[in-house]
Amino acid sequence: MNQADGRAASIPVAILGPTGYTGLELIELLARHPGMHVAYLASAREKAPRIDDEFPRLRGVLPAEVAQCRPIDHDAIAKAARLAFLALPHEAAMHHTPPLLQRGVKVIDLSAAYRLRDAKVYEQYYGHAHTDPEGLRLAVYGLPELFREQIRGATLVANPGCYPTAAALALHPLLKAGVIEPTGIIVNAASGASGAGREAKAHLTVVEAGDNFSAYGIGVHRHQPEIIQTLHLTHTQMGSPAGSGIAPLLFVPHLLPVERGILETIYATPTSPHLDTARVMNVLHAAYDGKEPFVIVRSDAPTLRDVQKTNRVHINARVVGGRVVIVAAIDNLIKGASGQAIQNANLMLGSREDAGL
Amino acid sequence: MNQADGRAASIPVAILGPTGYTGLELIELLARHPGMHVAYLASAREKAPRIDDEFPRLRGVLPAEVAQCRPIDHDAIAKAARLAFLALPHEAAMHHTPPLLQRGVKVIDLSAAYRLRDAKVYEQYYGHAHTDPEGLRLAVYGLPELFREQIRGATLVANPGCYPTAAALALHPLLKAGVIEPTGIIVNAASGASGAGREAKAHLTVVEAGDNFSAYGIGVHRHQPEIIQTLHLTHTQMGSPAGSGIAPLLFVPHLLPVERGILETIYATPTSPHLDTARVMNVLHAAYDGKEPFVIVRSDAPTLRDVQKTNRVHINARVVGGRVVIVAAIDNLIKGASGQAIQNANLMLGSREDAGL
Amino acid sequence: MNQADGRAASIPVAILGPTGYTGLELIELLARHPGMHVAYLASAREKAPRIDDEFPRLRGVLPAEVAQCRPIDHDAIAKAARLAFLALPHEAAMHHTPPLLQRGVKVIDLSAAYRLRDAKVYEQYYGHAHTDPEGLRLAVYGLPELFREQIRGATLVANPGCYPTAAALALHPLLKAGVIEPTGIIVNAASGASGAGREAKAHLTVVEAGDNFSAYGIGVHRHQPEIIQTLHLTHTQMGSPAGSGIAPLLFVPHLLPVERGILETIYATPTSPHLDTARVMNVLHAAYDGKEPFVIVRSDAPTLRDVQKTNRVHINARVVGGRVVIVAAIDNLIKGASGQAIQNANLMLGSREDAGL
Amino acid sequence: MNQADGRAASIPVAILGPTGYTGLELIELLARHPGMHVAYLASAREKAPRIDDEFPRLRGVLPAEVAQCRPIDHDAIAKAARLAFLALPHEAAMHHTPPLLQRGVKVIDLSAAYRLRDAKVYEQYYGHAHTDPEGLRLAVYGLPELFREQIRGATLVANPGCYPTAAALALHPLLKAGVIEPTGIIVNAASGASGAGREAKAHLTVVEAGDNFSAYGIGVHRHQPEIIQTLHLTHTQMGSPAGSGIAPLLFVPHLLPVERGILETIYATPTSPHLDTARVMNVLHAAYDGKEPFVIVRSDAPTLRDVQKTNRVHINARVVGGRVVIVAAIDNLIKGASGQAIQNANLMLGSREDAGL
């Protein structure tokens, strides 16, 4: 549990912005990684905290000198680490990525800064200018199941959003096999509250959100263009997120009264009236079984509990009432964020893809 | 809170099957009803319990002689009560309804026994024969907002299912106004665990269901034909539940880790590409504002918390991404069961419709 | 549910500070009160909100002209209402109480401003000066089961804290009967998160508090002197809260991952080694049965669920392992705040004590 | 995550009774253990299930031939595994332990069968005869922080109960240092619902237990004599659990509406009126800091969230109101069961004590 030993053979990495939930998750996952360890925690706060004061559950996990956060000093980070995980706000990520890359540090950015290829779409959805077009050109979208080879060679990886990870892995094989229409898809999703970040918000308290459930960002959520872009990249018939007219895909997220986990119930139109459940499941099995260690195709619908605290996505699909209904589940903090970041780091640094996961 | 006083002017009612959650809810609602009181609790158990031993929160609510459940004795019930709420299993409801009606007791049945008009559809979805065709002929579907006048004159009311209540109230005005297509509707719904009843079930424990979320009965749930029937009754273009081919409506429920509440996110296709949110909201406002005390049309999406422990349904709708997206919320135990039953009883007995609610 | 009718015979009341949880609870309880109605909502906010925008679940509950909050205008309040519920911060309560009393408006203060009789103890625990000594002299502690007659004649009632309500009702009869020692009492308590108020706080989010449990304010909580004072008032052998040396009572609260409810597990020392469970229960039964409609003495330990959304306290006691162990449960927002406030209002205005509860 | 590789150097172990929550936890912990792997899952069910059908979250974790449970065949287990974790009912544990020991398989028993040294006390609390006195003689109580050396040499380890683990680690150093009295201790504890096992029970559903909190087994819980015995073993002034008269320690557990975690708030009497918080904390720091990787002594009170999904116990203590108040937290399924079992296995098999934890 303590990282003290065997560090010789282990690759040092840095985390920028470790005081959020994805930072916490990265630290806990890396604490049991056999070939990678946290060497530098960089905080943007004026007074850098000890991370185990921020998160008391980390007491005893990191050596004292690492647990003490330090400033975001690019030279010091480059000296201490071969790869940096950025768990920063979008704007800060665009600010710190170029100097790190210049110093030879590989970057996995967990913000949305480099996810959307079209800076205009980015600016429309995120409300501020994109300040690093060069980074945008370099960045590889870090969904290993779809872009594994590009990730291996990347210096900058845009770690996908949580909702897009589940949606893309569920829809991609079915679109590729041509069994569902690339239009009129509805992604009805629900996420645990950790997806909203660690900041205090009145609507997220136990009283307000604890026994509650609600839809938000209906049809206007930032992850909608990201899902569409990913499917468009892999399936050209899918309209692009910048396109006008009827959206090829409607995304409606909901807030669950749980800490973690995403469940997506996805509705698509079959391309043939003869499509049946067996055929749809065959497509998924053929795409993933024996090839993808983190994708489980199953004959019954998954639940949040099946994937919480794991890096796996569970997928089920069926044809019913004239629709293809797909249910996909992930842990938003792991396969939807920090676990996927480590999966990407493993690829970029030549480790086993499932090391530490 | 104690019913001891003012009972002279108050109408005595009976509850058959009070040991489930709808029974508990009926007792608590009736305890503060100004014009109705529980006079007889009838249990099918071999040894009839005291209801406040079953539900300790009822201690002090009912007089001792009423708190002690008695057998289901039709003559005794007819002597003690003018109306009976049946919170029994479906088969038991079909068994006890005819003798109560014969003895002049009005019946509100909270089971599904009399909801589906077509005995064949009933038998297909509930897996047993319908044994009371005469009751089926007499029964009025107890959704006051759609069938108020029939309910006033009814002797037997089939209290609607929880999911169908929200779906029908959300969709009916839009179908009637012709702004959405009567085909291809998707009702994506989520309910608290009380909807599954009070029996011990392994998948409903705090450990299994507590931080969980899952889809179930995808496209095959018993409430799907009930929703379709209600919309078909009021809008003939909607296909009937007994019909073959593409379902006019697909219903996909989910289980929430909360005690109570239903949220439905409904997707429909506009009949015109020019339909906008303002028009859709106008249709809803015109249908309900100032007319229906228990229907709240609002410009933002409702949450479970807005309706829990109330008899109200909250509805919001918008046009986005080429779809009409409607969000409707109710308390499954109140507007979705016991509150609606009391609303029906008020109509049948000539009380104010909102008395005690 | 709507207050529109029968208001002629009904007493108008005001709520100052209705945008917190006790305000919401007061509004919902008063909406079904047969003899009292909300006539004025007074908010200290610069721009007074509509209360049903603050709490969407109140839509349809209050007439529009009442739902719109108004400024805290003492003359206008005195014109509109005979009694005011103050759900304000402590300092604001001390500021607004005198002018309301001067204008003949009875006041029930739900803050702690008038609970502790000794201004020095108040200032020690609340960290600011007590600015209304005259009010302190007038105020009656609003625990009806112990101070019913004084409350009937009072113009200013200090509504008790939530924890002290349960503790005092559990301990008072046992101290009075002399079966437990007035020293060394331990009150181990747990409360739902609504007790912490409605303000956004990072440690109260679903992620931080949702699956959590923790002790806080160990031995230094503000309710400790309030509990001691109440028992001291009724049982002179109990040390006073201002006393020095060993505390007569140690209070340790915990935060539960639920919205509402308080459970207290209380440990006391028997005055005799021969004390047994039967004797302890007899003392409780003799004190409450048939006398107190809101106190239920029971032979098994109560749970939160038994009292949530009720104005009742459930109490059980036993002798085990050489200790008297008492378990008491209330709803912190009802018997621990707004329900008790209405019980007090009923006494002060000559209504039935249980009206609307 | 998949165990396929590196198994050569890894020690094969068996789990008997893997279909409960401690079984699930063992499998997930062992899946990332660097030096131990599951080689045999033995189920007592007539038709042995695939463990990943029982727990879908285990899909992809174990090789198919291991995931398929097999009968409890002592010879086959002895052939396949060097150590067996028994996650069986108490009686079954006493039945299967002797034949496994005879075949040279080391046993860690997670039931209570071998925890209480005195068969008479065992029979009094567990309600059935103890059928393996020889095992009772051999068994070492598996709390590594107190009995590390005996565990290293043991062939049979009785894995401690969840509540006793936290209580013993909190109280032992303070008793040993003589700063608290060995009488009159109160252990007020609260546990997540997984402590009640995986069987369907009506009082454990989301509806009944979800927003609830309750005391149970007040002063008569089976873990009370186990706590007393452990403290008696290490501190002779503490009365034995078989003793008569006033209990040296009163244990009162509560049920929390969460999956996992135990928080104990412990009240003890100082041996000196001059005892202060600094002295008490010094005793704890001296006992654990730098010596025990899984015991964290901290200056503020821990919460459940600080220890969930870890093998650590967090302890805080203070002197207030004339009492020593200690707060200790663990994960009941890890340090309170399966994690501690692996810690014991590491000691028994010569691995690093914290391997895989």
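Order as written gives the chain letters A, B, C and D; numbering starts at 1 within each chain.
In this text, contacts are C-beta pairs under 8 Å (C-beta built on N, C-alpha and C of every residue); 3 or more make two chains touch, one makes a residue touch a chain.
Everything numeric in this text was worked out from a predicted model, so none of it was measured.
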{"item": "Chains touching both subunit B and subunit C, listed by label", "value": "A, D"}
{"item": "Chain separated most widely from subunit A, comparing mean CA positions", "value": "C"}
{"item": "Computed distance of Cα centres, subunit D from subunit C, in Å", "value": "40"}
{"item": "Where subunit A and subunit D are represented by their mean Cα positions, the distance between them in whole Å", "value": "36"}
{"item": "Where subunit A and subunit C are represented by their mean Cα positions, the distance between them in whole Å", "value": "46"}
{"item": "Touching two or more other chains - residue numbers and ranges from subunit B", "value": "192, 211, 257-259, 302-303, 305, 308"}
{"item": "Parts of subunit C lying in touch with subunit B, wherever the complex brings them together", "value": "1-2, 32, 34, 56-57, 59-60, 211, 293-294, 296, 298, 300, 302-303, 305-312, 314, 354, 357"}
{"item": "Partner subunit A, residues of subunit B touching it in the complex", "value": "184, 186, 188, 190, 192, 208, 211-216, 218-220, 246-247, 249-250, 252, 254, 256-261, 263, 265, 267, 301-305, 308, 318, 320-323, 325, 327"}
{"item": "Sites on subunit A touched by subunit C in the complex", "value": "21, 192-194, 198-202, 204-207, 209-211, 257-259"}
